[in-house]
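Next, two complexes with subunit A in common: one pairs it with subunit B, the other with subunit C.
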Partner chain A sequence: MSKHLRNQLLRLLLEQQSPYISGEEISKQLGCSRAAIWKHVQELRNQGYEIEARSRNGYRLISKPDRIAPEEINFYLQTEVLGKEIRYYPAITSTQESAHQWALAGAKEGSLVIADQQTTGRGRLGTSWVSPAGTGIWMSLILRPNALLKFASHFTLLAAVSVFEAIQSLSSYPIHIKWPNDLLINKKKVCGILTELKGEQDRVDYMVIGIGLNVKQNDQLPSHATSLEEAAGKQYIRAQVIAQILQRIELCYMEYVKEGFAPIRKRWEAGAQSFFGREVQAKTWNGVIKGIAEGLNDDGALIIRSEGEKRIIYSADIQMT
Partner chain B sequence: MSKHLRNQLLRLLLEQQSPYISGEEISKQLGCSRAAIWKHVQELRNQGYEIEARSRNGYRLISKPDRIAPEEINFYLQTEVLGKEIRYYPAITSTQESAHQWALAGAKEGSLVIADQQTTGRGRLGTSWVSPAGTGIWMSLILRPNALLKFASHFTLLAAVSVFEAIQSLSSYPIHIKWPNDLLINKKKVCGILTELKGEQDRVDYMVIGIGLNVKQNDQLPSHATSLEEAAGKQYIRAQVIAQILQRIELCYMEYVKEGFAPIRKRWEAGAQSFFGREVQAKTWNGVIKGIAEGLNDDGALIIRSEGEKRIIYSADIQMT
Partner chain C sequence: MALELKDIHELVQLVEKAEVAEFHMEHEGTKITIKKAVGEVAVQPVAPVVQLPPPTAQNSTVTTQSPAPTQETKEVEDAGLHKIESPMVGTFYRSPSPDADPYVQEGNTVSVDSVVCIVEAMKLMNEIEAEVNGTIEKILVKNGELVEFGQPLFLVRTT
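Showing the complex of A and B:
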């Protein structure tokens, strides 16, 4: 209960509009002693919150650490289903692995695993994903869509368009989708998405959408990558970005359930305008295909026109040449 | 090494054509002392092998227990890839769960989990599968096909037709496939198959084919189920049946890789002749559909003609009325 009280106190401080909130007011709203408030203020300070205490005026939040613990995310969250259960780890091997274990043990739809650091983060096609402590958003979301396996690729594009729109809503610089679900700023990768699933016969049992989003890195990044802060030159509150992403995924997901793939596809294509018409090189399991990225088919597969022929690309590592 | 020697001794006894094999001959072939042979013969007897020892003639295998440990299966196995690594358990919660864990840890294609007894065996659509000790074949096979998720349902039918043909090759009584992959004898269920998979984006990462085949049960079965021995009135060697199933799956799998779904579909339809044209009732996620089972489409989905309309059934519990 003590942790619950601390979270309520934090919420009061975060929501406080006038500069100070008095100890008396807090004590009244939370139904606890002023000594208890003082104890929790100390604990919040230990967590990195800068809290001013004036004997006449009360308490004031001066600055807060960029934490992504559940109470921080909850503060920004406006979803109905997604992110209602969160497992947060300061460090973990891989949020994706953890989410699979949780899903197998019966996690509800919308359950989220999030970590400040991944020691063995995973990317697409067996690659690794570098996830240094406190620099980005490393999260895995569990969905349980009532969907056939043949439509699984729709969710890959749904996830991409959701994160694309979430970032767009928080900033104004140009961001682009690269098929199937990388997000680029200035031709540099800022976000990778890995959708994995467990299926029974031809139906999805559960799906784990892994999102790796660079937020705060600066000079530690390789030359082909960037971060939101490097691109925008301003600071982001990771908990807010996470809440925004969950919000967008929920909206897209509800739209997909109601209206199918068509509207998602349209919005995906809007985000990928700079990708179509470009010369690309697709490294597939059966060799390399070069040509012009032309569009999507109904499966969400990429159509490349190569030497006059239409080629359909399902899985590939794409390079824009 | 002692276990290896015992398996070699077992192989010599199993392969022995003339009634007795002399201690001298065994000693020569295995490069061990006659005292060591005697010790291993005692151990085999403890496992249930009936071995006669005559001071003049040597050793003779009189009868063997119906064991399904790897050395027993290997004796019958003629595959190139499947069943080359086997994990055998006298009792386990679920071979399917165990195979998933093994696959996640990097199990090779063709790895097999098998158990004499499952304490919480699983069936299709969240049902349980009763797997009493020593009475059936409870096994889970790991495949790593280079396949798109949209073709996953082909493997469900591939597994069904493989087990169908394996059983047919070992007996002469009529057996039938019920869509998508139950096997029936006298309208009673003898085998259930559960295909599960892990996917990344729109591609199969690995697949686990779970097979539950009733072999020896008699009066313990519910009225809608039967076993091979109940139906045939003869005894089966489970290790031989397992080897035969793996052999057929390997052949079908190779055929599928080379020629696609068409030949598998044709053979599946041959096994399901008694199913088509019948009145069926399909319990789907969206309600019950009654009609005549008409055929398969290219996805392997079931076509039912219901009130003049063609209905495509992807996942359902089917009852033949």
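Showing the complex of A and C:
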């Protein structure tokens, strides 16, 4: 029995309605022997699935590990395009790097690279992103929008809105967007998004949206960071969160294609309410600009009122003071 | 001779067509600063106050009048130098991180797919490639500066 059949077996166990699914039923649906089923139940157990086997009743899934392999993500996934092809790595240097290589080799729109652990996860301008095994969502999504480069930055705000809404749909605690696309809980960073693109003339060839989301609290998290589980006091199934994020990105993307930046911008502003009207410091390569965060311009750049002057910020680390 | 409204209007048009982000001049006590900003042109006479040309006409022309890359390439090929232009508004970086070496220096040889810089906007990092084979003749922008759509970043002597 191939890995494909094992994934089908897992799906049957995940979807089972009655308490037990009989070995006979499984072998009928998958077209394999009951001995083969038994062998693969053992392998699933080795992966951390807790499966009860009763000779009279059949099999029952008691608990499952927080895996993010494609078969787990697919179980929750309801998208049309995004995440239809997934490359999963237990450990990798950087999902961004891997996604670039895949995109250059012709990856389709919506292809996803995901890893349980990144050894050299990266952030903006050479900063690193802490990505210990099993504690978060470290993924890079490849998009090929038919868009002019000068509008490409809209996608970074679109990604922020999508992750923001995905987390909101699974949780009830307050979460905030910080310009341009950090997500904060209790003023601590829970998610960072880094987008890299390759242009072809004045258009996008492909873009790689890298999302780092801290799910489980761990001692490697910097002091200014937090995790979903610390905020919620409950456990998350990472595969479900991933599927929800992809679903929201797809919806926002379709909306953007149809209606442009305006509706995305409105929802971004709703998520960033706590940000506007506040005193902020924008740390740029050429110095610090202090002022009041006033709003966005049409590109998604930040407007800061500083000493009576309107400053438009395209790149900076923002600190709320 | 005092500056007249039509002179300023002409200046605005000249600056708009020129590949500069900002223009300063002083003429018989009149200071004029013309800045090309995102989607707007600000004409700011410092003293004395001069009537401003209506800004609406400028607003729409800033981006549309930026020369299309193809025309531009043709023009500079005549002069033997290729301009690498910014495909978007954003911050210009010569290296991938503050402590890394610059992608290129003046005098360096580049090929079509050599990365020459990054332009960043809203945490979107766009690695700009040379798109020609040649030698970097001049770097036109400083590290960390904001660049406009269509603004020339490098001059390349093509080979």
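Basically, the second predicted complex is superposed on the first by the 317 of 321 C-alpha atoms of A that agree within 3 Å, B and C clash if a C-alpha of one lies under 4 Å from a C-alpha of the other, contacts with A are read in each partner's own complex, and residues count from 1 in each chain.
In the analysis below, contacts are C-beta pairs under 8 Å (C-beta built on N, C-alpha and C of every residue); 3 or more make two chains touch, one makes a residue touch a chain.
Here the structure is a predicted model, which means the values were calculated and not measured.
Once the complexes are laid over each other on subunit A, subunit B and subunit C cannot both fit and instead clash. When the two structures are aligned on the shared chain, A:180 is found in touch with subunit B and with subunit C. Contacts of A:197 after superposition: both subunit B and subunit C are touched.
When the shared chain is aligned, subunit C comes close enough to touch A:157, but subunit B does not.
Of the two partner chains placed by the overlay, only subunit C lies in contact with A:297; subunit B stays clear of it. Contacts of A:312 after superposition on the shared chain: subunit C is touched, whereas subunit B is not.
Once the two complexes are laid over each other on the shared chain, residue contacts for A:205 go to subunit B alone; subunit C is not touched.
Of the two partner chains placed by the overlay, subunit B and subunit C both lie in contact with A:285. In the superposed pair of complexes, A:124 makes contact with subunit B and with subunit C alike. Of the two partner chains, subunit B is the only one that A:146 touches; subunit C does not reach it.
Within the three-chain overlay, subunit B meets subunit C in a clash at only one of the listed stretches 204-212, 222-230, 276-284 or 312-320, and that stretch is 204-212. Shared contact residues of subunit A with subunit B and subunit C: 124-125, 149-150, 152-153, 156, 180, 194-199, 201-202, 285, 299-301, 314-315.
Within the complex, the subunit C residues that touch subunit A are 37-39, 69, 87-91, 93, 96-100, 120-128, 143-146, 149.
For subunit B in complex with subunit A, the touching residues are 100, 104, 124-125, 146, 148-150, 152-153, 156, 180, 194-203, 205, 285, 299-301, 314-315. Across the interface of their complex, subunit C is touched by residues 124-127, 149-150, 152-153, 155-157, 180-181, 193-199, 201-202, 207, 284-286, 297-301, 312, 314-315 of subunit A.
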